[in-house]
Amino acid sequence: MVKVGIVGGTGYTGVELLRLLAQHPGVELTAITSRTEAGMPVAKMFPNLRGHVDIAFSEPSLDTLGACDVVFFATPHGVAMKQTPDLIERGVRVIDLGADFRLADAAAFEKWYGMPHSCLDVLAESVYGLPEVNRDAIRKARVIANPGCYPTAVQLGLLPLLKAGLVDPSRLVADAKSGVSGAGRKAEVHALFSEAAESFRAYGVAGHRHLPEISQGLARMTAHPVGLTFVPHLLPMIRGIHATLYATLTAPAGDLQKLYEETFAGEPFVDVMPAGSLPETRSVKGANVCRMAVYRPQEGDTVVVLSVIDNLVKGAAGQAIQNMNIMFGLPETAGLTQIALLP
Amino acid sequence: MVKVGIVGGTGYTGVELLRLLAQHPGVELTAITSRTEAGMPVAKMFPNLRGHVDIAFSEPSLDTLGACDVVFFATPHGVAMKQTPDLIERGVRVIDLGADFRLADAAAFEKWYGMPHSCLDVLAESVYGLPEVNRDAIRKARVIANPGCYPTAVQLGLLPLLKAGLVDPSRLVADAKSGVSGAGRKAEVHALFSEAAESFRAYGVAGHRHLPEISQGLARMTAHPVGLTFVPHLLPMIRGIHATLYATLTAPAGDLQKLYEETFAGEPFVDVMPAGSLPETRSVKGANVCRMAVYRPQEGDTVVVLSVIDNLVKGAAGQAIQNMNIMFGLPETAGLTQIALLP
Amino acid sequence: MVKVGIVGGTGYTGVELLRLLAQHPGVELTAITSRTEAGMPVAKMFPNLRGHVDIAFSEPSLDTLGACDVVFFATPHGVAMKQTPDLIERGVRVIDLGADFRLADAAAFEKWYGMPHSCLDVLAESVYGLPEVNRDAIRKARVIANPGCYPTAVQLGLLPLLKAGLVDPSRLVADAKSGVSGAGRKAEVHALFSEAAESFRAYGVAGHRHLPEISQGLARMTAHPVGLTFVPHLLPMIRGIHATLYATLTAPAGDLQKLYEETFAGEPFVDVMPAGSLPETRSVKGANVCRMAVYRPQEGDTVVVLSVIDNLVKGAAGQAIQNMNIMFGLPETAGLTQIALLP
Amino acid sequence: MVKVGIVGGTGYTGVELLRLLAQHPGVELTAITSRTEAGMPVAKMFPNLRGHVDIAFSEPSLDTLGACDVVFFATPHGVAMKQTPDLIERGVRVIDLGADFRLADAAAFEKWYGMPHSCLDVLAESVYGLPEVNRDAIRKARVIANPGCYPTAVQLGLLPLLKAGLVDPSRLVADAKSGVSGAGRKAEVHALFSEAAESFRAYGVAGHRHLPEISQGLARMTAHPVGLTFVPHLLPMIRGIHATLYATLTAPAGDLQKLYEETFAGEPFVDVMPAGSLPETRSVKGANVCRMAVYRPQEGDTVVVLSVIDNLVKGAAGQAIQNMNIMFGLPETAGLTQIALLP
C-alpha cells in the first residue's frame, strides 16, 4: 500500500483527492494537514465522506509527512516549493496540484505569480505531469507539477494538430469556459451564488496565469514559435471545463478524425468521440476523462476542437492520482474508474 | 455472477441502474430493452457510459429476459404488471422500480393510477422493498416493489417516532422537495430548463400518488390510524430529495437523538447525523444513503425531522440494487459504496 | 419630488432600491452612502445601473442625509438605531430595511441580535411596515421597521385564517424556502456558488431571527397565544421565497377561497390565485407582489397555504418603497408596477 | 396609440413582447392569437402577467389582425411569410421575429430552413431590423425582419472593426454562448432541466442557421469576402448571450476603445464599457441593451470583443419594439427603459 499524505485538504481539490483516494485499492491515507482546521474530523467539514474517511485534519509536520511515500499539495502557490526540498530529501515523492513547478522558467513564474521561486534545483528536476505527453518521465520523477485545469483541456485538444504539424502554431485561439469550482473554496464575492448564477462572463482576457503554462506546453509540441489567444470564461455551474479551440490549417488536413483517434489510441483517459459528436461537460462529471471531438466547418481551413474535462478530476485530483499510479507502478487506472454522474 | 436484465433503460432510473451495475462486482449485465431505441448502443444515448457499458438496447423479448436471474423494470406504471407473471414463471425474479406493486390495495392502485391492476396474485405475494423495514421478506421475495423516492425519504424519517409510539400518527406533515430528475426524461414543458430553473413551487397539493404509498407504509409502523398532509415541491436542481417532517409529541420525548441512532444502528445506508446537523442533499448526490437529523425546536411538542436522499439512488436505482443484493445473498453494500460528489 | 437618501447601498437590497427608485416618477435620489466605497460611481459596482444612475457612493454624513425627506437604511442591524434619532430630529423620516425596529420587545431584540437596543423611545414610536396590516399607522410614522422577507410571506399567508379565528394559533407550521440572495452580498463560504448550487438544506431549525418577528406579527392578529414552528431552507436559486404554511382548523372552514379573496380585495400587491393554482416564485421575480393559494387537502382539518414573494422586492426594497409611497401621500403603486421576469 | 397584434404568443418571445408592451406608453394591445390556446386568458398561461394583461388568446383571423397598425410574428419560420402579404395589403405593418425575411437570398433561405420562400416580392422589400445599421430604412419599412439573437450580438460586436477596415474579414471567429431560453418553449428532451443544467456543450458546429444571417450582415459592412467560423454553445442559464469575437488586425489598431465609443456614440441601446471591463450577461437581463468591451491581448494582432445581450430582449422582443418605435415615429426608447435585474 502506498502511504499518502495531503497538505491543504480543505479546498475542493482536497476533498476530491479524498473522495478518490478513499476508494483507491492501493493506497493508505496516512495524513491530511490543515493549520486552521487541525483536530476537526475531515468528514465533519465534508459530510459526503461520512463513513468513508475517518481521519481528522492534523497540524502540518515534517515528521508526519516524512513518513509517507507520496505527498499531494493541494495548496495555493508558494506552499509546495517551501516544503518540497525537505520531503524529497527524506525520500518522499511530491505531487503538487498547485502552480509552483509548472513553469520551467523561474522568471516567468515570478512574473505571473508575484513571488520569486525558492528552489530552482527542484524546479529543474521536476516533471510536468501530463501523462499523455510525459509518461516516461513521470515514472521516475521525484516531483510532479500537476497541470492546471485549463492547460489540461487545451493541450490535449491541440496535441494531435501540433504534433502532426498541420496548423499554424502562431495563430491559435483557445476559448475556454470553466465551472465555478475552479475558483476554489475561498470566500470571495465574485464566486457567490447570487453573483455567478444565471450569468456568464469572460475574465483574465488581458492575461491569465494559465496562458504561459499552456504556451510552454504547446511550444514543446512544435518546433515553431507559438502564439496563443486564451480567453477564459466563468460558467454558471459547479464542475466542468469546455475548451473550444481554433487553429488554421497550413497543410492538407487529411482525415482529422483518424489523426485524433490514432494519437490517443491506448490512452485510458482520453476519449475521442465519433465524428459529429458534441462533448458535454456532464459526460465527464466526477470522472477522470478528457473527451473531445474535432471539426472542420464548411470544409474550410479552420479546425475546431471541442475538449471537455471535469476541472476537479482530470483537471486536478484525478490526474494527480493518475500520476501517482504511474510513479508507483500501479495500474494507471487504479482508483479512477468512476463513471460520470449523468444526469 | 447474477445475470441482470433491464426493461426500459432510456430514462434516468435506467441510466442510473447502468452506472451502478457497470461497477458492481457480482453482476453480469445481460440485456437492456427499449422498443423505441432497439439497436442503439446504450453509450450513444448516455455518453458517460462510453468505455464502461458496451451493449446496445434490444427489443423486449421474453426469451432474452427469461434467461436472466433478475429483471429490473424502469418503466412507467402498467408495464411491469403485464410482464412479471411470465418472468416469475420462468424463475426470474423481478424488481419493479415503477409503481405496479407498491399499493397492496388494488382499488387504491386503480384510483391513483387510473388503470385496474392486472395480476392480483402477484401483487399479493410481492414485497415492498424498503430494506430497513422489510429485509427478511425481501430475501425470499420473487417480486419486489421498489419504493418511490418521496416514500423512501419520508418513511425512514418517521420510522423511529412511529415505532416508539411517541407522536400522534393522525397529524403528520411531510413537506417534501425534489430535484427535477424526479420528473423523468420525458419531453414536457413544465420540466424544461427555462421553466424549472430559478423558480420553486409546490405541486400535487390536492393529492399526489405517493400519498397513499406513504400512508400505507406509516400505517404498518403503528397501530393507530394515520393522517398525513403531504406537500411535494419542485427544486431547481437535478438530483436530491429533502423531506422536512413535522410530528406532534404525545409522550415524553426522551432522548430523540439516541432513539434515531439506535433505530438505525447497523443500517449500512441510513446515516443519523450528530445533533444540530443540517443534512444537505449534495452530501448524498450519487450515493445510496439516507442522511437525517432530528430536532425539537424550542423544546416544544413538535418534532422536526430532516431527511435527504438522492432520488435516483436510495430513491430508485440504488435501493433496487440493495434489494437485489439481499435477494441473491450478496453483501448488501456490493456495488453501492460510491461517495457522493461534493461539490 | 421626494428627496431620498440611502445608507449602505452596496448590498443586494441597496442595488434593488436603486433599480426601483431610478424608475420612480416621484423621487429624486439625493445621496447613497458607503464608508468603504465612497467615491466609486454606483454604476461601476452594479453595471446594470449604467445609464440609469449617475451618482457615486459618498461618505455617510448627517448633513447630506439630513437634507433628505426620507432615508432608507439597507444596513446590518445596529446601524439604523444609531443614526435614526439625529435624522428624525431634523425632520427626516426613516425606513429601516434592517432589523433594528422590528421587535417591539427590546429584550427580545437583545436576545436574538446580540446587542442592547440603543434608542427605546424611537423603538416605541416606530411602526411595523406591513401595509396590508398597518397602512394607517404607516401614513403618519416617522420611523418604519420594514418587515423581514420570511415574515412578509408568512404573515400575509396566515392573516385571513387568524383574523377569521378559524385555526388553532398554537399549532402553526411555516416551512419556508428562500433563494440565496437572502443571505446578502457578504463573502461567506456557505453562500458560494459551489456550495449552494445543486443542493438544498434547512438551516436555523433550532431558532432563526425571523421567528420572534413572525410570532409577534401573528400574535397581533389573534387574541390567543401563538405557537409557531418555523423552518427556513436555502434554495439553489437567486431570488424568491416560498412559504408553505400548515394550520389546523378549529371551526368549520367555510369557503376558504372566498375568505382569502375578500381579505385581500383592494390590496394592490397581494394576489390570491384561483382555487387549485400553484404559485411559482418566478411569477413574482422582480415584482412587488405576494401571490398565494389556499388548499384543504382531502377535505381534512389541515389548511395549506402557499405564499410566494421576491425576497428583494416585496420582501425588502419594494415593500420599503410601498411604505414610502404611503408615508408621502404618493399613489401606493408608484414606481412599483414592474412585471415579473418570466422566464 | 399604436394598435398592436401578436401572432403566436405562447412562446418565450411572445410573453416577453407582452411584458414589454404592457408597460409601453404608446401602444394598445389589440389581439394575440394562438390556434391551440384560443380562449385561454394570457395571464393564465403566464401568471407574471396577472393584473397587467387582461386579454385572452384568440383564433388567428385576418379581420382581427387587419385592424391593427402593426403585427408582430413570434412564430416558427414559415408562418409569417404566409400571412404577411394579406396584412400589408391592408396597410398593416409587419415585424417578424422569426426567420422568414432575414436572408435576402431565397436560395439560402431554402437551404438552411428546408422550405422554399413563398413571397419573394415581400422578401425583396423587407428591411433587416438592426437599428444601429439600418435605422433609416426601418423608418419607412412595411416589413421588418427582426434579427436573430446571435446575429445581433455578433454583428454589433464586429461592426466598428469591419467598418474601419482594420481586420481581415476572411478570418473571423465568433464563439457564442446562449442561455436555454433561446431554444424556445417547445417540449424537447435536450432542453429539459435535467439535461441542460450543470453542463455545457457546443452545438451546430458543422452549420447553424444563424451563420448565413451573420455572414450576410458582416458582408454588408465590408467590401471584401467574409469568412466566419461560428460556434454556438448552450449555457446552463435561462437568459443571455455572450459572444466572444476574434479578429486579426491587418492595419495599425490605433485606439480601439475610442473607435468603439465613437461608432456607437448616440446609440441608446449599445453600451461600450470602459477599457478593461468584463460585460456580464446578467447586467442586461431583462433590458434592451447590447453591452460590450474590446481587448487586444498582449498587444498582439488579435482583437477580442466581448458582446452581451439578453436574447429575449435586444435579441428578440425588445429589438422588435425598438423597430416599432422607429417605424411609428415614437421615441426610440419608449417602453424600453427597464433596468436589468441584478442579482
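Labels A, B, C and D are assigned to the chains in the order they are written; within every chain, residues are numbered from 1.
One rule holds for everything that comes next: a residue touches a chain if its C-beta (ideal position, glycine included) is under 8 Å from a C-beta of that chain, and two chains touch if they have at least 3 such contacts.
All figures in this text were calculated on a predicted structure; none of them were measured in a lab.
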Furthest chain, CA centroid comparison against chain A: C
A-D or B-D - the one linked by more C-beta pairs in contact: A-D
Euclidean distance of C-alpha centroids - chain C vs chain D, Å: 37
Rounded Å distance between chain B and chain D, as computed from the means of their C-alpha atoms: 45
Chain centre separation (chain A, chain D; CA means) in Å: 39
Shared-contact residues (touching 2 or more other chains) in chain A: 12, 181, 185, 194-195, 197-198, 236-239, 279-280, 282, 285, 343
Chain D residues within the chain A interface of the complex: 171, 173, 175, 177, 194-195, 197-203, 205-207, 227, 229-231, 233, 235-240, 242, 244, 246, 248, 276, 278-282, 285, 295, 297-298, 300, 302, 304, 306, 308, 343
Partner chain D, residues of chain C touching it in the complex: 12, 15, 19, 22-23, 46-52, 181, 185, 197-198, 238-239, 271, 273, 277, 279-280, 282-287, 289, 291, 337-343
Footprint of chain C on chain A - complex, ascending: 12, 179-181, 183, 185-189, 191-198, 236-238
